[in-house]
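Note that the chains are named A, B, C and D in the order they appear, and that numbering of residues resets to 1 at the start of each chain.
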Amino acid sequence: MPGQAAAVQTAAREIFYREALNEALRQEMRRDPSVFLMGEGIAGRGGSYKVTVGLLDEFGTKRVMDTPIAEASFTGVGIGAAITGMRPVVEILFVDFTMLIMDQLVNQAAKYHFMSGGTRSVPMVLRTQGGVGNGLAAQHSQSLEALFYHIPGLKLVMPSTPYDAKGLLAGAIRCDFPVVFIEHKMLYMNKGYVPDKEYVIELGSGDIKRPGRDVTLIAWSNMIPRSLSAAQKLAGEGIDVEVVDPRTLVPLDKKLILESVRKTERVVIVQEAPRRGGVASDIASIVQEEAFDYLDAPIQICAGRNTPIPFNLNLESISIPQEEDIVQAVKNVFVS
Amino acid sequence: MIDIKILKNLYKTMYTIRTFELQCIKLYRQGEIRGYFHPYLGEEAIAAGVCAALGGDDYITSTHRGHGHCIARGADLDRMTAELLGKKTGYCRGLGGSMHIADFTGGNLGANGIVGGGIAMGVGAGLSCKTQDQKGISVIFTSDGASNNGIFMESLNLAAIWKLPVLLVIENNQYAVSTPIEDSTAESDLYKRGIGIGVDSFQVDGNDVIAVYSKSLEAVKKCRNGQGPILMEAKTYRHGGHHVNDPGLYMPKDRLEYYKSRDPLILCREYLTETAQVKQDDLERIQQEVESEMDQAIEFAAKSPELTLDEFKKMTEVY
Amino acid sequence: MPGQAAAVQTAAREIFYREALNEALRQEMRRDPSVFLMGEGIAGRGGSYKVTVGLLDEFGTKRVMDTPIAEASFTGVGIGAAITGMRPVVEILFVDFTMLIMDQLVNQAAKYHFMSGGTRSVPMVLRTQGGVGNGLAAQHSQSLEALFYHIPGLKLVMPSTPYDAKGLLAGAIRCDFPVVFIEHKMLYMNKGYVPDKEYVIELGSGDIKRPGRDVTLIAWSNMIPRSLSAAQKLAGEGIDVEVVDPRTLVPLDKKLILESVRKTERVVIVQEAPRRGGVASDIASIVQEEAFDYLDAPIQICAGRNTPIPFNLNLESISIPQEEDIVQAVKNVFVS
Amino acid sequence: MIDIKILKNLYKTMYTIRTFELQCIKLYRQGEIRGYFHPYLGEEAIAAGVCAALGGDDYITSTHRGHGHCIARGADLDRMTAELLGKKTGYCRGLGGSMHIADFTGGNLGANGIVGGGIAMGVGAGLSCKTQDQKGISVIFTSDGASNNGIFMESLNLAAIWKLPVLLVIENNQYAVSTPIEDSTAESDLYKRGIGIGVDSFQVDGNDVIAVYSKSLEAVKKCRNGQGPILMEAKTYRHGGHHVNDPGLYMPKDRLEYYKSRDPLILCREYLTETAQVKQDDLERIQQEVESEMDQAIEFAAKSPELTLDEFKKMTEVY
């Protein structure tokens, strides 16, 4: 299990999440000449979060393409290129802007393999970035993974660490189906162990980010570091939390989740997105369906409020789970 | 003067489309074909003329009114009919149907149920051609209705700035279902939209297959020479309602009559017999050939099995 | 409770679901001159499903407007009109095409009230139509309510009967917030009791479509008639099913649902949409959280497959819950 | 010759925008303002010139670079500054911030974080004006970058077929973040896009407030007379990077220098003092007035409270 390996070697080479992504892109572009990148300001400027820095120099304008502000069409271009032999990695600056490409994603990319009777697929990665941070307000702070999660034909990846970011982006690029790959704006500057060498994490394998006996805490993306802090605090109070990071929401590593649940018999799911209709609800529905008899208490969902994200920083922070909310949610499963 | 073999082929393609549509409409009325069915009747000259100018490496993307494009790219009538009947032997194993038919051997990346849904994809195929040094170009069939959707201008602009080998064909049949073009545009000459964003653009008579073919030859040549993209607007008119179940009563009788008098098959036949001196017999032989091919296709499709539940489950496991 | 009233009077005036919608539009347009309609082919042609027939004649071209195929922009026009004093009812022909308007819905309409600090709202109804029927294939058969359900700021209505259709559409038009109103293509020709007179069903009130003691079955839209048939069959086998129709998914009548669950202690949720990440999962997560101790068995979700909808009719029908699947799902909650 | 009072007001508006931006950038650098901040520096003549041609019943929709439009529509600096500081007294009670600032008293339906996000909404406001016989027109501020997004052409086409009283203003500052217009268009004269769809369209020097104002007067008159929509492209250039944290190093020095030499405030001041014979003193008095207004605004904003959690919960219950 790569996560554990990573834990052992944390003393070794540490780089930023954004650098890990950059390494994955470089690795895959070197390996496979059909991989190319498209997006706004990703070439000369290296992207708004510096993920694509230096790639133009190495690979040239044919493989690192700046686009106009035309998200729907350049995503469609990616789809067409993917069908005809290329492996595009298309970047949408904010997950909020993916609302402009939903037709291309949902009606074209996700269904192409199916509608063509399995004849052709769309090996495209849609890289984007979401979540709350620093007062970017309602149209630049959303967590919209639930929308992609519901659409058959899309894969969905949300790495929480530099190690996972590199391996999963490589895995996404090698996947023969369209992958929505959502980074988190507050993770780009997180550091962690990342091997220099080439490696790939296959989509569908979750990771135990912290083993524990008392309660299973499921989270992803930026809720992982926050949950790990909460777990540490709770450890001081005698509660041993197991933190499970599915890493890819589609496919979902049900086996890993259910094994943990059967062991701890208590479940908390932490999600930055609004509570209503989020992925947390679906995971809860699966757990209660497949491990009903193991559950000692209702599954607690600790999630964002059902509101857009406010600009005001204090209100922004109360709109999504904070460390203390997670601590409280974990305690709740021991009360009832 | 165009080679006589080519001329005959243009006619054959159009006659095949006509026959396919008429026969399949019968099957539809018998309840054998379900779902939406948008006939290409009256617009045959566009698909036939454009595709005759293409080579084997070229891609096309198609529309909801896509049978004509598919046939003009050389699709097998057996597999097309089977698809319309929802059979496993169909191009999409019966999972796609009329609105999603695709034929990769013909470089046909597929019909599309979303108006304008194939435009950006077609630009993407053009990108593949250019950056992978493939020999082909990409032809995007689209419609007057789609030209009012944002994806049209967005995509054409991308093709323009990247100088892609893309020929975008607007089949301007002057209607979006029942909405006439005068109600959906303030400037009904749609090729002018291309000019505004710096794209080489022109209009052609979409009922005249010779004109469409000649103009397409030029346009395709330019695309191959790196002078693309090009926008071609082909004006035409449907021979009936929007889909099989639409009587199209809103179409003014006189206009419909006018366009029927300019039926692309009639115009082509006239040209062939009068200008190109093709014998009536030759044309009849072509017609018979097509008809028996179509009869066989129907038989093939009718006899074909459907995808089983197990096969379906296996294929869809991956989602 | 209007549903019960309706049941009593079924012998009275019966009209089609599509006619009920038409009556609601007419009623509201007569009442309030700021109500107007926009959509493709809705004026002279009366709409693809004949919902707007005759309205052009009564209200003229200013209030019944045909649009080009420009879904994103005419939805945006509706939003702008709504902010400046009108009450647009915008029609999107198929819910599948709402993927073209997601930016307008999610980033503009849903957030406008919030972003403006509660100063202005967007009283717009987005009428659309979804679901499986008659081989319309993958791009014309989707059930996408889960996507709207997750977005704070949108209301979501899915009527199952002519009675509800009329009352809820009136309620939606009078609502000061953007409402996504999803009809079902297979319901338009269903008949049912509808009073001639003006009435309004407020958003947020569910309805018991069939009272029962043994198990709570929650469903909406076209899964209601199907569930009622299944319930009838099960009654013959001695299982008394209570069929709960939330009618509006946002706001959700939790009270009604939880009361029923506390009574029956067994829950089945039936959903036409794919299983993964659907609204059913969220309702399940709420029920297990708020009525955990009442549940005798895991909540059963009977839902569509995680695939696009196939063209082939036989495969189409196995892609979504059929009567026998519902019967089986109900029996399952008695097994475990 | 334009009335002297109007001329002075044009200058005052521009100077207010300039002052507001410079002061708020300071606050941003001090960490008092967070989130994205896109200054309107260098583009003041457009908002000032266009809005001076408007009346009280008119609507505007704005962009992510929206402070200038808001001010030019007469917004209260107190409430604007408070909004940028996230305070309850702000136009959006601190929930919107720079990218979502709206001022309904000024008919300003709001800035927008989505490039192109306000265009269709603005057409909708135009529809309200027309069908409700309101007296106003709707002015849509948008950008070169947005003109490449589908919503631009879609929306303009709707305005055209419905003949709405809409003035669409492209602020062509020749960049979308770091991407120069030459890389995102094949035809960089953006007003030509309007011509292609039958819209009355023209270009104006966006640094010359007199030109913008004069052209706007004509355009607004046409809109009020039912001759809309109209597309106006105003060419300009940013005075710095895309947002406060972007040094804009990719902007060629000589071009930047050229445009700074044509700073709209300088050009206007020259015109005022030389052609219109306004005294230097008068201008200085205006500047002082503005500056003290701004100082007060900052004080007001700093002292203002934030929305409480309870108030927030109460307001958002409805979702």
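FYI, a contact is a pair of C-beta atoms (placed from the backbone, for glycine too) under 8 Å apart; a residue touches a chain by one contact, two chains touch by 3 or more.
What you see is a predicted model; the values in this text were computed from it and never measured.
Taking the mean of C-alpha positions as each chain's centre, the chain lying farthest from the centre of subunit A is B. Averaging C-alpha coordinates per chain places the centre of subunit C 41 Å away from that of subunit D.
Chain geometry summary: the mean Cα position of subunit A and that of subunit D are 37 Å apart. The mean-CA centres of subunit A and subunit C are about 31 angstrom from one another, to the nearest whole unit. Each of the following residues of subunit A touches two or more other chains: 67-68, 70, 72-73, 96-97, 100, 103, 107, 114-115, 137-139, 152-153, 305-307, 310. Shared contact sites, meaning residues of subunit D that touch two or more other chains, fall at 92, 94-96, 100, 112-114, 117, 148-151, 154, 157, 161, 183-185, 316, 319.
If each chain is drawn as a node and touching chains are joined, the picture has every node linked to every other.
On the side of subunit B, the complex with subunit A involves touching residues 59, 61, 90-96, 100, 102, 104, 109-110, 112-114, 117, 119-129, 131-132, 134, 138, 150-151, 154-155, 157-158, 161-162, 315-316, 318-319.
Residues 40-41, 44-45, 48, 66-73, 96-97, 100, 134-140, 305-308, 310-315, 318 of subunit C are the ones touching subunit B in the complex. Within the complex formed with subunit A, the residues of subunit D that make contact are 34-36, 86-87, 92, 94-97, 99-100, 112-117, 145-146, 148-150, 176-179, 183-185, 250, 306-307, 309, 312, 316, 319.
Contacts from subunit A toward subunit B in the complex involve residues 34, 36, 62-63, 65, 67-68, 70, 72-86, 88, 103-104, 107-108, 112-120, 152-153, 177.
Those residues of subunit B whose C-beta lies close enough to touch subunit D in the complex are 148-154, 157, 160-161, 183-187, 192-199.
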